[in-house]
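Just dropping this structure here.
Naming follows writing order (A, B, C and D), and every chain is counted from residue 1.
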């Protein structure tokens, strides 16, 4: 709601720039009594961390997270227990290359926020993109690691389902495969295709977009709100807030606009245990803004990295025409590292609605 | 942020059900000194009103809006001037057919919120869909009529760009054409196609989805926020909150995920007056969450109406299997009437950010 | 948080002016399944209603409340059941004397918001005070009637404990007495004093202030938040938002500043059932912002009615010096009618925290 | 609004416990372009810092503040310029005496939040009071240092006006005197009285309460909101959120309840420059929730420190009766150090309303 906060009862505020002293987040409203370790949080950060393969930026950051508040350390081990008070987590910036930024300080890189920041604020932190750098998302991933623990039994996983013009074959879907390749893609057969494709892109100094799918299982029925603050709406908002995201879908998404009512209907039967059983999940686990108990499914489109070696025409802060080539360390496909970020944002949205549902209805 | 509120400084809270006494909204934070008439607001409501053509539900509602508060009537004419205090607008429900709802009171219509409402609240207002009825959107359209006046020089218009498997030809785009056909479509050549297609759908008792595009011109540069509460994020959230919406795009949207960095870059030149001039608008008028001054462009996908005559399998509130045919008055393509609703939601998001930008930076 | 909203999960937004068409409120977040009748709500409005005795303004308003949304009428009787969706309540303005307001339209009555409204908004609704009229509080009383039902077993009652220089004798406290006199005072012996005193004030065309005490019993322990959004803080904010209130106290309040630590300590023993039992309640039922389970006690000071017959010096909107005598229908002691308003505001604050506590901790 | 956040456009979220790694705050919404230094912020922290005299706790903390984000360092000097992005400030805890807390971990100190925390959360950080420690207020003071710069020309100062049964003589008021004595009191003649009085209290192992007055000058007219979120209401809420505060007044406060309308009226004349000139300030600079342009005046009552050497009766977490003597380092009058905290909270409330007013009305 605020400029740098999302969530209502599970509220996350992030702070920090790419090349400042540190960045991090404050989680306000986390339930008390949740056990966690810094290592568990770090594991999610490591998935997002740059420099893991040749397909991500070679900036080397430890991205080591510290939990500064909101927890009681247990004497016997390294477990922390949440106390219900605000949890501040901090990640220090260690690889802030001391370089000359005068090159971009006064020039507007197309596709970046340089132009709009100057228009909005009259000044900006141009060092590495400042606040608009994707480094900010490390803080979200840390918050997501805690959000996952708020909803008992929930599992949130993401997968890269297309890169540029190449799509995965959904018949090959394997969650295990995701852990094995540098693209977080669930189709083992697509790995070679993606590798060759992205190698070519990278060598040409270009970049390409991607589509990521997030699936949340174990989401209790009843989460969400009927009109605004629908569960799918907040998921959409959370995903759209990730850098470079230009589209969001729930369930079958834009495909729903192309089909007919009877094709789109998720029929319901009673299973052998007497429980409701949906025959399909076109809705993506959300009806009327409220979770059905089926997996919640969302997808988002990430544009190609704007920082490319191909020269693009632009202007300077002084209104002079110029041409820009963005050197430096950049991912040829930022969509890859968006996978753990998307997971975190969905986890946060669901955790928030879990607490809100419990608050309003007492039905959890 | 709240369950039934959107916006931050231009805050809209809607209330009301399909078959209750009335529905409406409260706008809190509207600037003072804006002149308006009920007739101006009514004109937007009339666009959304059912019963305008054979392609929309035959429910006949006057949908007459009354401004109950927040304005000073001028003595000399029927103009109202906003005072800066909350504006409550009310639309009475007049065509609440007294009928027997026992048919759906205990049965879950697939694609509707019946199932999830009962799971969430333990009870629901089943009369005409209650709060989940699209009638609620009349209140949003009224709010949008005022939002449009908050940003001087802004014009927000919408268009149906595809229906089911049929797309418009964008080369034929004419804003004038939109006023002339019952589909709010800008391509005169598509009208016959859509007519025949939808006639067939309607006669079969089926339904179909659609994609709507909203274009906001005259949006000042600098609106939005860099991380959360990005302008595009709030537009996405607002659009996703509309009933039956399953996907949202900004600018070139999902297409951005398929192309390369140099194709996606919106290059900038200096025009003859010395002003920045973008050579394309793939970004949809928003960079890094902040408006560029170009038109803001968003699209959203509306699923096919869930109420169809084709029998679909479902269950009752008592867990019994059943089959459902939804009789009654329903739009074969709810996407059509979503056009004015989408306009309103985009106008509200921009108005809110206009005030927030002025508040934080004083730069307007 | 917003300009005209209070509460977080039990959110109340009021709207309307003294002399507009109607006024009312929207409650967003009310739990589903609460049974209520319009008559129950009306009973609280009738306590606040003007014209009940010679000590309150002779404006005669029916103040009849209608519940427009958020409820399902039960077929068998006049009971309404909340559905969890927004509850809009409306009170039409019926006694809007058509009179010439030019007298005050351009003149700033001392102690009123006339001067500051013009400075803030550049215009104002001067008819009967517009939005700053105490008539707005009718909507709060309606909201409070529902808030009372949100917390099972809670009872919120108020009492006038001093008027001008006259205080009640707390040894005479009787809740029953409050229902019997026109001052809502619990001390039968004070009634005659107050009557004579206020008769004198009224005849002189003057006015006088008062102090009101609100006691909420049956408040579960654990409600509140430790730092901001303390339960006592939100009660203070809610009470301070009532027209003419200039001070708020919790528990022994300002007296706490005069005494020593050992005098102020509320010692705890174990009662015969093994439960914690406080030996005093200096804290007013709140420790560290969180309810103890003891009665929550708050007091607030209401300034004398600013509308008096005694001429006071002021200026016009054009910056001319003038002298003002406020004729019309005014309470000589607005504090009297503040009693039901204070009750409502305390009930709303506690209901909100009840839901928030349940949301964050699941401990209710 | 949230549990640990205050403000709307100038939003402050604090985090941290007494004996955790660090504490701090995030300011979201600060306007861009404000120049500041860490030294300026530190100066306010030093006023609040313990160990400055024998009248405050002997805990020795450097309380050194670091600005981690939201600013651009200027190359030429140590000035930082705000960028409009979130400002995180951190204060590390350095004097966390490693001691055995088992003494209070399971025992409820009367007047402290021990009992209510356990009831609310089921666990608590008992080390030095955890989140309920007044150490948290260091973060507020840091936020206040920046808030002061948001409103051009504003000056916010505080003064201790009574301690226990002793009051200052307002005729002796000198703002300069405040800087010279350890009580932040403006009456030089009261210093000796307070010294002797508090020496006695301290030696007896007791404590005493105090009343603090905050005066904000240079507040533009028009700030605030007419109904909820009144300027005085938000000031009251902010002050009531300070640890140990039990009462808040605006202007003449509770005295207003004792006097008559004509005594309370702040009459207005036109001064020699043609500007409105109030003849008194009973209202404390706020009419109808909106600032008049006069000094904003608020007072708050601080209860005596609950940690005393006098034994008080209480219970343990296991429900056993016990007796408690709180040893350790404690202020005999916490009201003294509340002076800079109160200043900060008032500054934050005004800064927030300054931005909101500009946002809604554009009139600044």
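As a working rule, contacts are C-beta pairs under 8 Å (C-beta built on N, C-alpha and C of every residue); 3 or more make two chains touch, one makes a residue touch a chain.
Chain labels with UniProt names: A, B, C, D = Chorismate synthase.
For clarity, every value in this text was computed on a predicted model and none was experimentally measured.
Pairs A-D and C-D differ in how many C-beta pairs touch across them, and the larger number is found at C-D.
Mostly identical positions are employed by subunit A (Chorismate synthase) and subunit B (Chorismate synthase) in their mutual contact, as over half of the interface residue numbers are shared between these two copies. Centre-to-centre separation between subunit A (Chorismate synthase) and subunit D (Chorismate synthase), using Cα means, comes to 38 Å. Here the spacing of subunit C (Chorismate synthase) and subunit D (Chorismate synthase), counted between their Cα centres, is 27 Å. Looking at subunit C (Chorismate synthase), one finds that residues 2-5, 14, 29, 32, 84-85, 120-122, 131, 226-227, 356, 360-361 touch two or more other chains. Within the complex, the subunit D (Chorismate synthase) residues that touch subunit B (Chorismate synthase) are 9, 29, 31-32, 84-85, 226-227, 355-356, 358-362, 364. Listing the residues of subunit B (Chorismate synthase) that touch subunit A (Chorismate synthase) in their complex gives 1-6, 8, 14, 108, 110-113, 115-117, 119-122, 131-132, 136, 162, 164-165, 201, 206-211, 221-230, 232-234, 236-237, 240-241, 243, 246-254, 256-270, 274, 276, 279, 282-284, 286-293, 301-308, 310, 312-315, 319-321, 335, 356-357, 360-361, 363.
Across the interface of their complex, subunit C (Chorismate synthase) is touched by residues 2-5, 11, 13-17, 20-24, 26, 28-29, 32-33, 66, 68-72, 81, 83-88, 90, 120-125, 130-131 of subunit B (Chorismate synthase).
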